[in-house]
Amino acid sequence: MIQHLNFGDLLPYWDVFARGLLFTIVLTLTSTVAGLTLGTAGAWARTFGPRWAGALTRAYVEIIRNTPFIVQLFFIFFGLPALGVKLSENTAAFIAMVVNLGAYSTEIIRAGIEAVPKGHLEAGASLAMSRWEIFRHIVLKPAIMNVYPALSSQIIIVMLGSAVVSQISAEDLTYAANYIQSRNFRAFEVYIVAALLYLLLAIGLRALLRGIGRAIFPKG
Amino acid sequence: MSLVSIRDVRKSYGAQEVLKGVSLDTGRGDVVAIIGRSGSGKSTLLRCINGLETYQSGSITVDGMAVGDGKTDLRTLRRHVGMVFQQFNLFPHLTAGENIMLAPTVVVKEQKGEARAVAESLLEKVGLAGKFDAYPSQLSGGQQQRVAIARALAMRPTVLLCDEITSALDPELVNEVLKVVERLASEGMTLILVTHEMRFARDVGTKLVFMHQGRVHEEGPPKALFGQPATPELAQFIGVQP
Amino acid sequence: MSDFSFWIILQNLLLATRWTILLSLIAFVSGGIVGLLVLLARVSHGRVLRILSLGYIEVFQGTPLLMQLFLFFFGVALFGIEVSPWVAAWLALTLWTSAFLAEIWRGCVESIPKGQWEASESLALSYGEQMRHVILPQALRIAVAPTVGFSVQVVKGTALASIIGFVELTKAGTMLNNVTFRPFLVYTLVALIYFALCFPLSWYSKRLEGRLNVAR
C-alpha cells in the first residue's frame, strides 16, 4: 500500500527551507568566485609558472580529482584540527568547495590556455610584453572563452555536490531538509521539495552563467 | 653604420642546421626583401632578429643593442623592433582599436586617451578609419593584416619585420596590404620583409636578398638582381635564363 | 584507544574497500545498461521518447546525488517495502550513472559526421540498422575514454552511500574515527585508498584519449 503523500506538513517549515536555500546560494556564489580564482592561478602555474609550481599544482589537481568530495570535507573538518587547524562548519565547507572547484577549474582553464594559438603569444612577445602581461592581457580571456561551457557545467556540478556539507552540520539546504524530516517524519516529501529546489537552482545558475558569458565575451 | 647588423649567424634545430652563417646589413631607411625557397631559413632569420628564436653562434645587433647575448633585455629590444605575421595574430577578444592600444598602455604605460588618439590615427593611416570598434572576426583578412601593421606601428619601432604578410590572403586582398607597406617605405621606415611578391620586391625594395639552403646566396640592388642573376639558383627561382 | 594500531585501521579500511569496489562495479554496469536505453531514446526519431529521455537526464544531472539516494532510501519505503541501504544505493547510483553516461554517449554519437548517416541511408539501411552497423560501432571507439573517465565519478559517488548507512570505505572511516579518535590518520588513509582506486582509471582514460587523438 502506498501511503498518502502529504506536502501540507512542510508548510510550517518554509522558513527553514528558505534559510537553507539562501545558505546554499551564498556558499555556491562565494566558493565559485574563490574557486575560479584558485583555478586560474593553478592554470597559470601549469602553463606559465615555474616548473616547481607546475608540478605542485599537478599533484594537487590529481589528489582532488581522484578522491571523493565528502572525504575531502571530512579531512578538512575532522582531520585538520589534529594539526591545530580548527575550522567552523561553514568555513570548512567553504574551503572544501573552493579546493574542489579550484582543482577542476585548473584543469579546464589549462586546456583553454593550451588552445590559444602560439602565434598570439608570439605577437604579444613581439610587442615587448612580458610573460605575465601576455598571460594577463592576451591569453586569459580567450582561454576562458574557449572552455566557458565546461567551466559552467563544473560550477553546477560543484553546487550540487555542496549537498554533502550538511554532513558536517553546515546549515545548507540539505541540512534544512534533514532537520525538517526529523521533525515531521515526512522524509519523502521533504526530499522531493529539496530536490526540486536544487533543480531550480541548477537551472537558475545555468541561466546566470550564460548571461555572464554573454556580457563579458565579445560576440561574433 | 648599419641599423641591423647580422654577422655569421648559425642556428640549428637539433642536428639540422637551418642557418649556416648568415651575414646581412640593413641601413636606416632600407627596405630589404628576402626571397627564397620554402625551408631556406627566411622565417628563422627574421625571428632571430627580435629574439623569438635563439641562435647558436654569430651576432645580431639592432641599433647598437646586441640580440641574444643574454645581456640585452629582450623587452627593450622588442620595443624597437616591430613584427607582422603571416597569420595576422590579432587578439580575438579585443577590438581593432584595443589591439592597437594594448602594448602602448600595458608596456609603455601611455595614458588611455593618448593611446586611443594614436590608434585612431594609425587606423586612418592604414585605411580603416571606421573600424576602431570592430572585432577581428568581423574583418576581412586584408583588413586584419592592416590592423596588425597598425598595431606594430603603435610602438613606434625603428625597424619593422614582415614575414610573408600577404601569403594568407585571398589574391584580391593582397594589394591593399602591399600599398600600406609601400607607403611606410616611402616615409622612410626601415623594413625587412620576407615575401613571395616578386614585383613588390623589385619595385619597393632597396635591397634584395636571396636565401638558399640556410645561406645568403646572393644579394644586391633588386633591379640588377632580377635583371641579371649571378647564380643559376636565383635564376631558376625567379624563372629567367642566366 | 592506542590498541587500534595503524595496521588494524588499515586492515579494516581495506576490508570495507571491497564494498566500495563491488558497489562501483555493479552500479557502473547496471548504469551502463540503463544508460544505453536512455541513449537510444535520446537519439531516436520518436519525439515523445526524446523529450522523456531529455527530462530524465536533466533531473538526474540537475539534482544532487545525495538527494537521489535519500529519495530512494525513504521513497521506496512508502510502498511498504523496507529497502536496505545497499539496494537504495545501488538503485540511485544506477540511475544517476545512466543519466551521465547517456549524455556522454550522445555526444559521441553526434560527433559522427553527418556523411556517415547519409551514406548508410543511401545504402537503404533502416534507422535501426544504421545505428547498429554504422554509427554505434564508430561512436563506441570514441566513447571508451570518457566512459572510463566517468567510472572515476562512480567510484567517488559510492562514498555518498555512507550517508544512508551503507558500510563502505567512507563509512568505515567514520566508524574507525569514532573509536580511535585519530581523524587525521584515518581520513588520510581513506583518501589514499580512493586515490589508489581512481588514479589508475583517470590515467588510463587520459591515455586512451591521447591515443585516439593520435590515431585520427
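By written order: A, B and C. Residues from 1 in each chain.
Operating definition for what follows: contacts are C-beta pairs under 8 Å (C-beta built on N, C-alpha and C of every residue); 3 or more make two chains touch, one makes a residue touch a chain.
Each chain and its UniProt protein: A, C = Polar amino acid transport system permease protein; B = Polar amino acid transport system ATP-binding protein.
Just so we're clear, the structure is a prediction, and the values are computed from it rather than from any experiment.
Novice: By C-alpha centroids, what is the most central chain here?
Specialist: Chain A is the most central one.
Novice: From the C-alpha centres, identify the chain that is farthest from subunit B.
Specialist: Ranked by distance of C-alpha centres from subunit B, the top chain is C.
Novice: If you average the Cα atoms of subunit B and of subunit C to get two centres, how far apart are those centres in Å?
Specialist: 55
Novice: Hey, how far is the Cα centre of subunit A from the one of subunit B, in Å?
Specialist: It comes to 46 Å between the two C-alpha centres.
Novice: Quick check: how many Å separate the C-alpha centres of subunit A and subunit C?
Specialist: Chain centroid spacing, subunit A to subunit C, equals 20 Å.
Novice: In their shared complex, at which residues does subunit A touch subunit C?
Specialist: 1-3, 5, 62-63, 65-72, 74-75, 78-83, 156, 160-164, 166-167, 174, 177, 181, 187-188, 191-192, 194-195, 198-199, 202-203
Novice: Please output the residues of subunit C touching subunit A within their complex, sorted ascending.
Specialist: Going through subunit C, the ones touching subunit A are 58-59, 62-68, 70-71, 74-75, 77-80, 152, 156-157, 159-160, 162-163, 170, 173-174, 177, 182-184, 186-188, 190-191, 194-195, 198-199, 202.
Novice: Sort out for me which residues of subunit B touch subunit A in the complex.
Specialist: 50, 52, 74-79, 81-83, 85, 87, 89-93, 95, 102-103, 106-107, 135, 137-138, 148, 151-152, 155
Novice: Looking at the complex, which residues from subunit A come into contact with subunit B?
Specialist: The contact residues of subunit A facing subunit B are 117, 119-120, 122-130, 133, 137-138, 141-142, 145, 217-220.
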